[in-house]
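Below are two complexes that have subunit A in common, paired first with subunit B and then with subunit C.
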Partner chain A sequence: MLKTKVSIGRGRISIPMVFAIGLLGVMMVLPFLVQKQYLLHVIILANILAVFALSWDLLAGFMGQLNLGHSMFFGIGAYTIGFITMAYRIPPVLGLLLGGLISVLLSLVVGIPCLRLRGPYYAIATLAFSQVLFTLAMGLPKLTGSEEGITKIPKFITSIQGNYYFSFFLLVVAVIALNLLFRSKFGKKLISLREDERLSEAAGIDTSTYKIIGAAMSAFLAGFMGAYNCYYHGNVTPDMLSISLTFSVVAVVVFGGVGTLYGAIPGAYILTFLNEYLYFIMDYRLLIYALVIMLILLYSSGGLLGLLRERLKVFNHGNTSSQ
Partner chain B sequence: MAILQVSNLTKNFKGLAAVLNLSFNVEGGEVLGLMGPNGAGKTTVINLITGFLRPDSGTISWHDENIAGLKPHKIVRRGVTRTFQQPRVFPNVTIFDNVFVGLSQSDRSRLFSATDPRQKVSDIFEFVGMKTKPSTLAKDLPQDELRRLEIARAIGSDPELILLDEPVSGLTPEESDSIANIVLRLNKGGITLVIIEHVMRMLMRVSHRLVVMNNGSKLSEGTPEEVRRDPLVTEAYLGKEGEEIA
Partner chain C sequence: MVLQILISGLLLGGIYALMGLGLSLTLGVMRIVNLAHGVFYALGSFVIYSFVVQAKVNSFLALFFTFIILFFLGIFVERILLKPVRESEMNVMIVTFALAIFAEQCIRLGWGVMYRSTPPFFKGELKIGEVFVDYQRMLAFGMGMAIIFGLLVALKKTKLGKATRLVQQNYEMAMLLGVNVNFISMVVYGTGVALAALAGCLLAPLYLIFPAMGWTPLLMSFAIVILGGMGSILGTVIGGFLFGLTTLLTSYYISSGMVNVVPFLAMIVTLLIRPGGFFGKEIF
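And now, the complex of A and B:
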């Protein structure tokens, strides 16, 4: 826990809070300061990846349920929009919600049989299901457009600035919602599953039901962001169901800090910017991810955020000692 | 009146009987000590009663309802809770949250009048004599505080029966006395307890009755004084008179 606080008026707020408010202010005015639309585009991608990574962290980091096929929830959300918009015109907000809800249905299909069991079953089942869906997306060209995917999906928000603010809004809402969740009794019960599942049972918690609900919440967030990603790009391709996308979010969370809530945000930003600006070494992308993550973990098992916290503790301790 | 009736309970592990045709009752309001040498099957009995194991045969009646094979959380909701032989806590969360997550939804509590959850946790901590700050992570607790935290977590679910598995194991005599006092106060508050313990001083002090197990079966039953005088118990613990120790 960070102890560093500053006095503002009569109240005292922590330095990370001041930093967050400052950053929020900068992000709000950024579209007026930056002429390059490409930078805004990269930030939108980072925001989408950050929320998607938060959804993985909710399940794996906070609840201890490893999901190795998380891209399927993102992809199903995206394909939901693709299929619906081919046949109907629906309000985009309804589309986003439907993307989330169809992902919830998929999570129930995978989760109800597997999450009742302890062990690696859920991780294996999610991996298997995502591979099946990826294969179907590639192998059913009449339905999914195969590798080309489904294109010319009407955009939800047409301007880059509009998408910038909307993606930013989604990120802030997701962070606040998850923050509130993990402060609630329900959220604390979800965390108890990660800590000791048998003890959770002894504490009167219906662990199977909580795991299924937690997985459904995670899938909703992923599906919602998949649907938004589809609207933003105007297309959906099998890449959105791929295992490499799952490993990207795992990398983002491990890099930023598993189970830290905020760690996914710097993780997503750094990895997205690396991805976009080092596109010429695209083939070695996963290798670079692995190296960066190994370097971070060598210095702190809590990822980037853990490293920062440790440094701030040392800084605080130094300040206290010198007083 | 018996609130818990264990009848002909049997549990085998790979053909080896851990519990064999065991029967005993727990009377409402008593402290029942469950004793026996290592490997006698005592912890298995707790695991069977609390739903962590499913019996091969026999019944476990809780207020005349057979709860054998029910899931642990359903048994907790019926008013039966437990602690573990090795203290089990949620290590990376605060000690406050360790109790808070298991807090009963019911406004009525056998021991505490507070309805506000935070006040209730605070009252429970006071009851068990927790000295550590509620914001401390459970993994940072010393052994005796871990034991108190386990009991606090068990109390939080507002149980009618608590099964304590070696609650003073690894504690100093002073710390053990302090835990014994918590047991006596819980019992005074109307809570029935079943205690497994190797520390005889503790067991003899707090128990109204004792059930002695050996090789999965009941060897003896009675008041502490009756059990103390039972030659079968002496034999199980010390061997037959004149028997050579290998």
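And now, the complex of A and C:
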């Protein structure tokens, strides 16, 4: 599954790209067509989840480093905003960047000891650390407000339409940035880590440093989105640090297709819409995700996008082997 | 008081060692990073709860039944889920992670989210001077130690155990020599799962049981395995005792909520100082 070639456009406009731009155009005029605020809200949630999932895919799908505590980067970005806005009024853009930077610091704390090694250490350490942070968030009520979290955080975009466009802006910027990254020499080196770590080390790539930098980039994106999520909702809760959030992201990416870059987006949309519109599956949500993940990994390794690639061949521009 | 904590900690350590051993076995022999190890611990607690509290079965009989049920569940899981994805370490981790969530949700739906407890196998406690030790802890420790010892003997002396050690040392060679690697893989995973469940059974009367109870023991087991060095039984047992002690010390002197911090710190420190673990590469 993880050998899936990265088929990021080869500088020419392909059918899927036209389709994507068209879809984006429709999304841009959507607020003028529908009056339902709730639909816009759900789309915002989906966009946030999509960018967050992209950051997980950057690490797992492209670099082959599994992170099982990814929610901590999201959560720490959110809590950063929560703590700062309690004491100071800072410009929101600074807040978003700060959320990302604190998240990068956190990723260095976990990444430097664990990413130097090959093996399952990073996955286990991230899972353990996210549990530590979750415990702290629950166990220090004076500081973090325990289960209630920190509330009444001033929103920086008050209108839902504003947030709608801003979330799309972030999604598009993230997709373009990751696209550029993986076309660059630096990004190619990151991908080589997934393909064969020993070989890339033998080829003179300083694998540990690259892994640590890649993890930091992923953490920045996650922390940034966490901060934005915090601004959007106006509160932070320990849920943003929980295993279930990490698991949702894993589900989004596995469902969309690991290492496909775009797969996370339909994955995030489908999961968010299921969540928000099918109330009766609420209790079975994680159960269903888990089942779907297991089935996908057992039977169709490429996820949704992998399936599309096989069936339509249109995503296959230039790549002879999609698997 | 300190003596009390030390003794309780050591007794608890025996159970941690049992859990760590289960993880170490699947990790060392089959190279399977079993993130569902914790949920099998939880499942063990819940199954014995059903036997003892709901079906009113004798505790020891219930322990035996739970062991058998979970052993076969482990075999089933290995066949259905793990065998097809074993080639890729990342897929194994994602699958076992999903399995952990899946089983936790099943527990939540089947037994509910309430906190429960089971009656102890033996009531009462032993008083030595100032120190109270309840029989349940001693029993759990004794059984844990007996099982670890039995497992070691089985690995050293029986034909299956020797084959298992060969698989651990050299997978290809084992296949060349006609060892049924698939069968060993199945049995080893089943045993690992059953050991986790056994730890869950033995600790069920001492702690509250709830669906998400498995995560802390899971991380604890990984910390034990990392600290002790993968594949080292001595390291696993010593690691188990060490964590038993630190768990009780942390929960007494700091807060029981901070117990999660212990495995994480231990992991990070070990990986920084001695990534291979502190107790060398003694092979089973």
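Note that the second predicted complex is superposed on the first by the 291 of 323 C-alpha atoms of A that agree within 3 Å, B and C clash if a C-alpha of one lies under 4 Å from a C-alpha of the other, contacts with A are read in each partner's own complex, and residues count from 1 in each chain.
The definition used in the following text is that a residue touches a chain if its C-beta (ideal position, glycine included) is under 8 Å from a C-beta of that chain, and two chains touch if they have at least 3 such contacts.
No experiment lies behind these values; they were computed from the predicted model shown.
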item	value
More subunit A residues in contact [subunit B versus subunit C]	C
First, second, both or neither for A:250, with subunit B first and subunit C second	second
First, second, both or neither for A:298, with subunit B first and subunit C second	second
A:276 touches, of subunit B and subunit C: first, second, both or neither?	neither
First (subunit B), second (subunit C), both or neither touched by A:201	first
Partner chain in contact with A:284 - subunit B first, subunit C second, else both or neither	second
Contacts of A:239 with subunit B and subunit C, given as first, second, both or neither	neither
Touching residues (chain side subunit B, partner subunit A) in the complex	50-52, 71-73, 76-77, 81-82, 84, 88-93, 97, 100-104, 117, 153, 156-157
Subunit B contact footprint on subunit A (complex, rising order)	185, 188-189, 191-192, 195-196, 198-207
Footprint of subunit C on subunit A - complex, ascending	1-2, 60, 64, 66, 68, 110, 113-114, 116-117, 119-121, 123-125, 127-129, 131-132, 134-135, 138-139, 243-244, 247, 250, 254, 283-284, 286-287, 289-291, 293-294, 297-298, 301
Subunit C - residues contacting subunit A, complex	33, 35, 81, 84-85, 88-91, 93-95, 97-99, 101-102, 104-106, 109, 215-216, 219, 222-223, 226, 255, 257-258, 260-261, 263-264, 267-268, 271-272, 275
